[in-house]
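One chain, chain A, links the two complexes that follow: it is found with chain B in the first and with chain C in the second.
And now, the complex of A and B:
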């Protein structure tokens, strides 16, 4: 290169270099395109295509034991005509909202505590709160069941201490048990985004607030809470989405009330053997999920704008 | 010289090959079995080998669909006989994948338990006057109860509906079976082929049942855990003796009973494939395993009932209703969902 620079500049030397640059740029563009294609290929193959296939499956129907591949809207019509399904759907969404609220209320103080810890400690402690996520889901539900059961751990302790005379049976096998169990299982998903949001708040804002004479409560309400709301909304949408799709917890701790939309979908792929209907119901379940994601997204951007 | 040695070696090798193939021809008597674990245990296979002077190869399967894949996939040519339940057997007969069995070749069939002696009375094993399979192992789906909580021993599935035990009942989460037991309590002759009126009536009863139960369960160990941690009195025991054993192993005080209106029961049988090579040999295997000694061992080892020696899973007079395919599994599943969604 240096030798070339020393050469007397020929009239067409520049254009040659431009051509060379152009070629190089084209080459780089090709490489970029290749990397881009590779980056898109996996999500396309493993997320987009299956999702589209699923969407399509919802427009077919089962005849006998086989799927008949001619398009129909029957599955969707059936959802809107069946009062049982519709009410189960609404019940499930309401359950998800309650779970989201509980996880946020439980998760916020924990995240606040984590964020207030100094240096490395907070990441170590945060790790501890993430550890339950590594355990098998089923084991956790079994454990909760043996704690809350009629002859369970909690009842035995309370009986032993003389707090109660008869075992409490309202703890398990109802919708509240599903709500509580889901909240316990999902709370780490609320803690982590709130923790991240709290951590992002610049220290100097808090110091400024203190310098200007704001008491801690005012600082919390006017600065910390608004600036961490993004994390709250993200955490809530996480737990909402996970809660409405769950089909194991309701079955295991919900007793006769534990029939949620996830159970309906699950049954279509097992005993029901009606995959198209199951696919259509999954697409319907996708609507509140998308709504939650959109809300979380909007909220996040709005916060940044101010 | 070297050429000659090479030639001799070649000849010797050829001779050896002929000898080996002759020897294997005399060993060609081979029985190829496809069965569930526990149906062709090694000690029985060794004993049978000694008796028949033949070779026996056993392949174990894990699911009904696997049997179908293996038998249908080879059009019956890969195996001589296979174990299959009576409900599944029908599609093999339909597809011409079985060879009718000559009962004269199976003298031990005459010494089976009374309910298995007249095969025309065992639903599913005969068609057009021909025997397509011979019963071997079975289990019933009855009631498990806690004798301390259930004062008078129950004799019918109707105990699940008894308001005395409200909130103390466990039910197996499966629409097909729940409709079948309900139909049996209603006195419907064929609980596997319900009319839509019968289904509606059963659905109403099942909604009532739902309000009497504590929870549904899906696996046998789940039921054990539910039983340990809650005040449970009675349960629809989908896993039969397997479940009884698990619960007793867990130290639970329980009793098993088959309902008087009839207990659903599965029945595994031996069937010959359409590609059976040595029919006599395959039939002699069936005769061999229908010995009292083997029946007893089968029951001890698996917990299932056998067809020759009495075993507590079903008393001699218990009414068993052999499992069949239901009229419309999808409809039963849909109705089961409606029952669960019902207020």
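And now, the complex of A and C:
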């Protein structure tokens, strides 16, 4: 019970004296319940209830301008019958996987370099890779758009250097543009977990491996890589989840071709104005998200145990 | 980690440099155009000036957006610090499934894609007939950064020895005094670091805000509405200032984080 010191002060009705005389146990139980209820109150009101409402809304339908509150599966049936929607969903998942792959491929060498640096330097350098996460999302996308565009800076430089003769147009207003932009925006999310995983590898394992005669490459493949896989999986699921849910990036660099599932959902709450359908589509989006979280969690636990 | 062979190290640095260019290139482009004009598809190299910065002070809409962003950020940080600390103390004070479940609920808005967090709040506010305004934005941001504060405080709490608390109680301090004079001083740097990070996150939060915002705009919302028109040099100037501010905040946070 010593730990409960930290609880918020009890209300007056439950004063220390009252607990002390006679019914100490009952008093404690009451206090426990009260504190527990207080702790649950706000997270329930502002996280749990909204989420449950959201999940429920998908089972109703719009009639005219109102929502009819009779449970139905129509929204889900509509999704599975619409080949366009289904293919957008699959394309978005594939896009998320590609973004996850790019960020991990770029992120792993960076994390590895960071982990090999000495003492304080590594954290300072690591910060340089993390800080852009906090910097103007919209501005970055806008700038990337002006770099990738047909008349953009990348094309100008390449034309100027004579590398290409016609400006590249396949880099903007399609799914490639969305993929590249998301990869650039999200790469720190891959670097950081991998860095943390590499940091956790006990040094003596590496020394033992070297002492026993393993060349560096073997030590990397047999020890470092398997032990850092946890970070890779966590980083990949992070970027995957954020990539498939984004709707601002595809809207800004995707054009008409770069239509993603996030945009479809967002449009149901805007021009489409079919909230229940949007909610149902969100539930479908939640499936790959949950899969990614579960996989990351499994990997996380399995590795901690060793 | 082991010492790396020179060629390995060189190739790792090459990748790292490439990633840095990817990360910072777009940002420097914005800063660049806060100093130079871009006319008729050409960079006007002779147009270097601070004029865009001077014009910032006259743009009432930018100032309004900036003020709103600060108000939202400070309020959301204050709320999440109090709530996050109380929840971390609660989780730390005992064991059980209930507490683990509560912890998952707290983490949810941080784990889900922002579109899902934002939409569930949007639907919630409509169901209870609560008009969208800066208040709903504050709630959205608080829910989002709560997990960060909670995690930071809990991690620090777990490093504090229980015997300190027992000693305080044995010496006659009540619970409040124990919290105020024993725990709080130890939590201070964790709270500061979490507060700064939470503020930086709130300052740039776009996806949730877009869904729960009313008529008054925060900075990212204003930038989003400006997108179609293209950005004027004063927007770039603003961005440059914001970037400088963010960097400063992060350096501060890093100081508090690395100090035990």
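Annotations for the structure displayed:
Just so we're on the same page, the second predicted complex is superposed on the first by the 261 of 306 C-alpha atoms of A that agree within 3 Å, B and C clash if a C-alpha of one lies under 4 Å from a C-alpha of the other, contacts with A are read in each partner's own complex, and residues count from 1 in each chain.
Keep this in mind: a residue touches a chain if its C-beta (ideal position, glycine included) is under 8 Å from a C-beta of that chain, and two chains touch if they have at least 3 such contacts.
Fair warning: this is a prediction, and the values are worked out from it, not measured in the lab.
By the touch criterion defined above, A:230 reaches neither chain B nor chain C. By the touch criterion defined above, A:75 reaches neither chain B nor chain C.
Of the two partner chains placed by the overlay, neither chain B nor chain C lies in contact with A:239.
In the superposition on chain A, contact of A:92 is made with neither chain B nor chain C. Applying the stated contact rule after C-alpha superposition, one finds that A:139 touches chain C and leaves chain B untouched. In the superposition on chain A, contact of A:150 is made with chain B only, not with chain C. Considering which of chain B and chain C touches more of chain A, the answer is C. Contact with chain C, but none with chain B, is seen for A:266 once the two complexes are overlaid on the shared chain. Touch criterion met: A:39 reaches chain C, while chain B stays clear of it.
Once the two complexes are overlaid on the shared chain, A:173 sits against chain B while remaining clear of chain C. Chain A uses residues 142, 146, 151, 252 to touch chain B in one structure and chain C in the other. Contact residues of chain C toward chain A in the complex are 1-5, 8-9, 11-13, 15-16, 18-20, 22-27, 29-30, 41, 83, 86-87, 89-90, 92-94, 98, 102, 105-106, 108-109, 111-116, 119-124, 127, 139, 142-143, 157, 162, 165-166, 168-169, 174-176, 178-179, 183, 197, 200-201, 203-204, 206-207, 210-211, 220, 223-224, 227, 231, 239, 242-243, 246-247, 250-251, 254, 258. On chain B, the positions that touch chain A within their shared complex are 167, 173-176, 210-211, 213-216, 218, 222, 225-226, 228-231, 329-330, 332-334, 336-338, 340-342. Chain A contributes residues 62, 84-85, 87-88, 142, 145-146, 149-152, 167, 169, 172-173, 251-252, 254-256, 258-259, 263-264, 267-268, 270-274 to its touches with chain B in the complex. The part of chain A that touches chain C in the complex is made up of residues 2-9, 16, 35-36, 39-40, 42-44, 46-51, 53-54, 57, 106-107, 109-110, 112-113, 115-116, 120, 123-124, 127-132, 134-140, 142-144, 146-147, 151, 153, 184, 187-188, 191, 198, 201, 203, 206, 210, 216, 219, 241-242, 244-248, 252, 262, 265-266, 269, 275, 278-279, 282, 285-286, 289, 293.
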